[in-house]
Amino acid sequence: MPLMLLMVLPFAAALMLALGARGGRRMHVGIAAGASAAGLALLLLAAPAVLAGTPLTARIAWIPALGLDLSLWLDPLGLLFAGLILGIGLLVVIYAQGYLAKAEPTGRFLSFLMLFQGAMIGIALSNNILLMLIFWELTSLSSFLLIGFWRDRADARQGARMALAVTGGGGLALIAGMLLLGQAAGSYELATILTRGAVVQASPLYPAILTLVLLGAFTKSAQFPFHFWLPHAMAAPTPVSAYLHSATMVKAGVFLLARLWPVLAGSDLWFYLVASTGLVTMLFGAGVALFRNDLKTILAYSTISQLGLMVMLLGFGTPAAATAAVFHILNHAAFKAALFMNAGIVDHETGTRDIRRLGGLAALMPLTATLGTLAVAAMAGLPPLGGFISKEMMLEQSLHAAQDGRSWLVPLLATIAATLSVAYSLRYATAQFFGRRATGDVAAPHDPGMAMIGPSIVLVLVALGFGLLPMTIAGPLVRAATGAVIGGSPPALDLALWHGINPALGMSALAVVIGALLLWRRAPVARWLDGRPALDAKRLFDGAMAAIVARSRDASLAIHAPSLQRYLFMLFAVAVLFGIDAALTPGGLPAGTRATLPASPVAVVAWFALVVATGIVVAMQRQRFLALVFISVIGLVIALAFVHLSAPDLALTQIAVEVVTILLMLLALHLLPKVPPQLSSLPRRSRDALLAAVAGIGTGWAAWAVMTRDLRDTVSSFHWANSYPGGGGTNVVNVTLVDFRAFDTLGEIIVLGIAGLAIYALLEPAARGTAGRRLREWRHDMPHSPERHPMMFVMATRLLLPLALLVGLYIFLRGHNQPGGGFIAALVVSIAILLQYLASGFDWTDDRRRIGEHPLIAVGVLIATATGLGSLVFGARFLTSSFGYFHIPLVGEVELATAMFFDTGVACVVVGAVMMALAQLSHVAQRAARNRDQADEETSA
Amino acid sequence: MIAIALQIAAIAIALALLLNGWRLYRGPALADRILALDTMVINVIAVIVVIGMMGGNDTYFEAALLLAMVGFVSTIAYCKFLLRGDIVE
Amino acid sequence: MSLEFLIASGIAVLTAGGVYLALRGRTFQVVLGLTLLSYAVNLFLFAIGRLVVDRPPLFAKGVTDYADPLPQALVLTAIVITFGMTALVVILSLRSFLESGSDQVDGIADAVPGPGQDRA
Amino acid sequence: MSGIVEIVIAGLILLGAAFVLIGSWGLVRLPSTMERLHGPTKATTLGLGGLLLASVVFFQVRLGVWTAHELLISLFLFITAPISANMIAKVHLHRARTGDRPDHDGIAGPPPRPDPDGEGEWATFEAPHTDTQASIENP
Amino acid sequence: MIKRLLPHPALTAMLVVVWLLMANSITVGGILLGLVFGIVLPKFTEPFWPDRPRVRFRGALLGYVGLVLYDIVVANFEVARLILFRRNRDLRSRWLVVPVALSSPEAITVLAATISLTPGTVSSDVSADGRFLLVHALDVADADAEIARIKTRYEAPLLRIFA
Amino acid sequence: MTLLDHLVIAPVVIPAIIAPLTLMVMRRRRHVGVALSLAGCVAMLVVALALFGIAQDDAIRAYPLGGWPAPFGIVLVLDRLSAGMLVLAAVLALVVMLHAVVTAVDRKGWHFHPLFQFQLLGLNGAFLTGDLFNLFVFFEVLLIASYGLMLHGQGAARLKAGVAYVVVNIVGSALFLIALGLLYGLTGTLNMADLGQRIAALGAADQGLIRLAGLLLLAVFALKAAVVPLHLWLPRTYAATAPVVAALFAIMTKVGVYAMIRVVPLIFGDAAGAAAWVPAPWLLPAAVLTAIIGFVGVLAARAMREQAAFAILGSTGTLLLAVSCWTQATTAAALFYLVHATLAGAALFLVADVTLRRRGQYGDAIVPSPRFAGQQATGLLFLAATIAAVGLPPLSGFVAKLFILQTSVTAEPWALIWATVLGTTLIGVVGFARSGSTLFWKAADDADPIAGADRSRAELIAPATLLALLALLTLGAGWATAQAEATAAQIYAPDRYAAAVLTEATR
């Protein structure tokens, strides 16, 4: 449970800080420092047992399906890291209190910082590699927030994005690597995986695993060539740099290499990939650091170099090298955190970080200068600091590597890197603290208060302690941690400043001497370098990113042009492609052998009319009115086909729907261009024609293939047999609609009802705004007769309205047994009412209507649904119909069926929806005309 | 005899439909085309009546009745459109 | 010539015409195309019940030869739904024309709208 | 079915079909729009009337049912056909005078004025006077 | 009371008849239902037929219908002859301006419809003042005689019916 | 027949009653209408949860409508999949509805509430039905309601995009009908379980036609799901509509995916001959392209809504990568991801909505603006929503992606799937980092101040709720993945489904 508490503490602190963001600065620091201190205390309590060899574990089952449990452990390596994270975290929090200006939102800042701390602790404690991935990505995210904390600064935003892109990207590779590792090892439990090194290295996946894991580690630890984000992350507030880039985030990659050392290390591939990357990075970082002028940038490149050192050591794959790496982790954390804080203090006091504008600060800020110089000495690897010991160990291990058969370049380059690090370290100290006095923007900088300088004192004392009393302070931890890294008993440990005279000491001395000389002769090289066009990673990255975004944008815009034609072309093309695919299946799409029916002359003529009319519609598409006339012909032929082919219900529906559609289109056409110009080019038209032809032939062939097949036993034989006895009607189509498949019909009328509502919503505001203006400016594009309501037509309508309504009622009542039904009846009624609109105009007719469309739709849906629910009362299923025959004196046998109620609902909705569409549309036209008349009057007056 | 008469009638009406189609296609005036369409509807009603008699089936009567009603409405609508643009004033 | 051939070829012609018109650049033509396409689809859906002359699916005892009622019911549903869709699309086209002054849907007439130009 | 009835039915069918055909033939061969209007609106009345009458008798004889509902179709057509013709004639008049490519006036020429002495015009050309029988304008 | 129940008695009668024709059978139930609709529908559509004229029933109307039917048959043959055998250039197609004495729009409409239904003549328009009908004749030798025939044969009985 | 047995129709009946009632009440008493609509959403959530609970016993329940037994009548089928989808839809609907009411979007046009209820009716019906033609009908219901909602509030861009959206879907419906026709013409049935059995019994001559029918169905579902190259309609539609509507639409693309998951194993499973697993060869490359085009669009987007739309596209691609493997394990992963992606996509749109309101004339364009009210809080929500959308920890997207990666490793093209999932994640991270830092960090303080912005804090509730749900989904991932696995197990046992549906008691 202490592990869970340890894990939860920083997150809880982050949450408290986020919620209490408006609270005081003291409270914020109190929470953050308290959480860190409490964590540290927990860690110290656990330390003796862990160092004695019994790791703490805790587990809460989480996602068994993924093998992802909340499984934590605290082994010596984890202890070491968690200690760094919490210890330095505590110091950084204290430092931040002094560093951040009063106006800065400390709550938010510390909340992010604690979030980050939690993520790091998670990495250190995870005993499940999937869990570790989660924390890993969380560190990327939280560092993004921290680096970009000063959100108004462009360099902060860009630095944050770059860090996220690189470390996040590496994290994704790590995901793949970890998953493969889990697959290869047969478990995602770290403790288990660590015992399966042989299995993993024998797996064919090993190279992939290694590469992917290293991608994750190298990007996080800023290894060449993924190092470039780190200097730009220096845009972060200095406490962030001190925390993330000395002790924690960038060390996560090193930690990962150490963590997985037993599984992945030892192979040649490991050596070549890891050691050489580390070596190159070490050299490169040190070289660049020598020629940078910004304090934090120098420290950033120094960090890159030092990380390279650790990576290289781990890459050697020997226990001794691992020991060196572990000890250097400690050393580096101490001196680099101190140095970052120091840089922050100088920046804070002088207002600049440009080393060229600083000098002789030792006199003004003695304490700061002393601490800085000591920390620099550790970085340079000078005795009596811990850095000296670990640097010497590194040189020794590089020598061993060569002796073990690796290239002699290893020690050579390592020494050069050490030399360079001496040079930049000395420059860092001397240029700031000694020599000619220069104080940046501020006249008299001085040592800051205890909150800022205190943490540095602690860190420098620790760094000194690592040098003077290494075995006492660091010995047990280093030994145990090394044991954890190598997964066995660690080699004998002898940390001391003096090991007698040996090659490593020589190399070390050489490095110091040459390094000093190098610094002395640095100026001409720097001048020479200044003349060169610098290879600026940021510009490259930004350029590449901008280019990628621009290309993406071009591509995305090109693909997603707002062209309906393209949408439809794709859809048709896919359908045609699928047709071809089906035709290519073995056996293809053969026609059947069913006997066909002979075609009568009328059928042939009708077919001919259909074909010609379709052709004309296509050919005369721009003559919109004519096209509509020919659409009518097609509709007529189809109605005739339905009559001929035993589908009276369909014929009725087709006929009725047809006319309503035509009315609708005429109403719309009134306000549209009548003969628009041609749009598409000939090649385009040919392409479309080809696609259309293929689609047509394909569809026709499919129809032919099905029609010429013999009919299997269809479910409709049940419908036929049960229509009368079970559904109480002889019109099987109607019984299907209102009974067998009444649910379809319910959906269908809802579609109509929705169409009505949507149309109303569309048209109601059409007279306002842009559309309203356009309507007002609308001018007739054809000459008009002044006669609005031709007398004969109006007179005939007065007789036709009741007649047509009667027909509608008739069709409604007989629908269950003969062709007809609610839908057709409703259309007939609608047409009758529409006829009245046509004859007498909107206003006159609308004034005399009794029921609005909205209630019709609402009531219709309710009636149909309620009919369906009615059956529940009788213990039957939804939409179960019931019917009975009643004998009424004089009248005789009368059938009553619940389906009639349902059909009434259908009819209501249909009338409502149809009238809504047409009346609303005609009303817009009406308003257009009215507005036009008003405009005319205004102009003539 | 009735069957033969119906066959002849069917062919005659088919021919009539073709003639309607010709006028519809040729125009030249829009009024001609509307007239042709209107006539076509009447002739289709005739076809339906003949089909009904051929099959001894009177279930198609409503289709014919509806066609008579609807053909009128669409003819009026087309005319109104050409006269006034706005078919519902 | 068989009725089946007439229907199948009619479906083919209607589909081809519908596809071609749907690929034109203006809403009205597209609507015409959709209309043709829906005719084709309705005929198709009807035809898959196989063609039967003079046997409307009106139940009578002892009759075993009848047109399949189910496809007819399906086509009815499809016709109704298509009508609703057509009504909406016709009015939407008009509405869009009134709002933007263009009935083109090929994306050529529209300048690419700047981001965030239209707000809810 | 007795022979005579059968002959009557067949005769009615043939008569109807003939008039249907003649009407459509008139539509094709008559020289201009107004003349063509006479073909279908006349011939189809009797044509369809004959067929419908045949149908009435046919079903009476064949099925023994009195299916007079065919007459309704005729009733409907009698009400609607004159209106259709009227509207089409109006379209012709309107377009012959104002169309962007005016329709040919036909052999009857342009219509004369309603009242040779008066100022008036036909309703297609002049909005009907609101106080007269020709006006169905809304109050 | 009757008046309120049956705003259009003629219409009611017509609807009942049409109903029975549609229902295709004459049963008590059918008649009752037809009566219900015959009463409800005119009531429901009453606002759509304002200022309805008074119509005199009795024999006049029936006689008029019979006359028109007879004329239709005869004229059909006449027009069929014209279509089949008359050459286009021999066609004496012309406009007739028929002065109208009828007063209600309903009556004028019936007259115009009659003219259109009898082959050979089509009512094409009404004058803006409602006093003239524009009739197109397919083949007329003497325009004035034809106008006179229309007035005496059709308008005169209508004047009596729509008194 | 207890009332509980009838509960399965409630998801359809509730909106069928609420919608017309709100329609009638709305004009006179707005607040009553709104209350009704909200109550309807709550009721649907309660019912969905109850059904979800009922489905926990692993039984598959068929409800023959009208008492007509399958395959002759239409059946509703309650299994884990349908119950889960119902819950998802109800949760999303309630949150979105709340947001619409809080931000008064529902007052920007006509009939928002009835259309919204009908939209739910369509969704619920589509999830429940066991009949293929009925699925078509409910597709139409949900589509036409979506047209109405999509156009809600109108404006030129929305109308123009609306035309394209409507037309392309109408053509899609036509394809659906052709596919249905082929299936009925060859098998004589429309019931999905029955179809599966009858297709298995078809002879060699019918194989090509059945394959055609299967492929056309795939095309239709792919169109709804917005799979490349049938995705073209989506970015413009979702970006042009009101964000709150787009948030609801987050589930619309998932309906297409649902239909694939429902139909393919049931009808085009192992026994289907030439049509067995018919989408398999087409779906994977399409899914890869969808994911790539989607996340590249996220990178390229110029406005938040556009970015959110592309994120939905990308998530569909990722989802289909899992679906396209057609194994029980990957389907389980897909289902888990489906839930996550729906909520995450909706959250993204709601955050876009909040931003849009607060930035006044700057709208949701990804350009620097002066500081706006609640930039902190909105930025935080955006951060969380984007974390969810790209699938980073600590939200459920990460778990879902791990699930997909783990289960797809047995598939042939696992490397391609992995590369796509991880690569597109990176593109998404970069894209959202760009837009987020521009929108919420960068400030153009020299620009004119923001005019006419909203600043209600209540509008943060809905997006925060969705994100909280995602956090819950992460915490409860163990339970949720187990549910997904059990659901996938049912899906891959079509015989059980068929047995349950085809032997249900007759009336």
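Think of it as A, B, C, D, E and F in the order they're written, each chain with its own count starting at 1.
Here is the rule we use: contacts are C-beta pairs under 8 Å (C-beta built on N, C-alpha and C of every residue); 3 or more make two chains touch, one makes a residue touch a chain.
Source: prediction; values computed, not measured.
Student: Once the contact rule is applied, which chains count as partners of both chain A and chain B?
Tutor: C, D
Student: Count how many hops through touching chains it takes, at the least, to reach chain E starting from chain B.
Tutor: The least step count works out to 2.
Student: Relative to chain A, which chain's C-alpha centre is the most remote?
Tutor: Farthest chain from chain A, going by C-alpha centroids: E.
Student: Return the chain label for which the distance between chain Cα mean and whole-protein Cα mean is smallest.
Tutor: F
Student: More contacting C-beta pairs: A-C or A-E?
Tutor: Higher contact count goes to A-C.
Student: Distance from the CA centroid of chain E to that of chain F, rounded to the nearest Å?
Tutor: That pair's centroid distance is 62 Å.
Student: Cα centroid separation between chain A and chain D, in whole Å?
Tutor: 69
Student: Using mean CA coordinates as chain centres, what's the chain D-chain F distance in Å?
Tutor: Distance between chain centres: 57 Å.
Student: Please compute the C-alpha centroid of chain B, do the same for chain D, then give the distance between them in whole Å.
Tutor: Whole-Å distance between the two chain centres: 12.
Student: Find every residue in chain B that makes contact with two or more other chains and list them.
Tutor: Each of 13, 15, 17, 30, 34, 50-51, 59, 65, 69, 76, 80, 82-83 in chain B touches at least two other chains.
Student: Where does chain C touch two or more other chains at once, residue-wise?
Tutor: In chain C, the residues touching two or more other chains are 22, 27, 30, 40, 44, 47-49, 53-54, 56, 58, 70, 77, 81, 84-85, 88, 92-93, 95, 99-100, 105, 110.
Student: Among the residues of chain E, which are close enough to touch at least two other chains?
Tutor: Residues 18, 22, 105, 108, 112-113, 123, 126, 130.
Student: Can you work out from the touch definition every pair of chains that touches here?
Tutor: A-B, A-C, A-D, A-E, A-F, B-C, B-D, C-F, D-E
Student: Can you check the complex and tell me which residues of chain C touch chain F?
Tutor: Touching chain F from chain C are residues 22, 27, 30, 34, 37-38, 40-41, 44-45, 47-49, 70-71, 74, 77-78, 81-82, 84-85, 88-89, 92-93, 95-96, 99-100, 105, 110, 113-120.
Student: If we count contacts the way the header does, which residues on chain D are in touch with chain E in the complex?
Tutor: 18-19, 22-23, 25-26, 29-31, 34-35, 37-39, 41-43, 45-46, 65-69, 71-72, 75, 78-79, 81-83, 85-86, 89-90, 92-93, 106-109, 111-115, 118, 120-129, 132-136
Student: Give the list of chain C residues in touch with chain A in this complex.
Tutor: Contact set of chain C toward chain A: 1-32, 35-36, 39-40, 42-44, 46-60, 66-70, 72-73, 75-77, 79-81, 83-88, 90-95, 97-101, 103-108, 110, 112.
Student: For chain E, which residues count as touching chain D in their complex?
Tutor: That would be residues 18, 21-22, 24-25, 72-73, 75-76, 79-80, 83-84, 88, 91, 93-95, 97, 102-105, 108, 112-120, 122-132, 134, 136, 138 of chain E.
Student: Spell out the part of chain B that touches chain D in their complex, as residue ranges.
Tutor: Those residues of chain B that touch chain D are 1-2, 4-6, 8-9, 12-13, 15-17, 19-20, 22-23, 28-32, 34-36, 38-39, 42-43, 45-46, 49-50, 52-53, 56, 58, 61, 64-65, 68-69, 71-72, 75-76, 79-80, 82-83.
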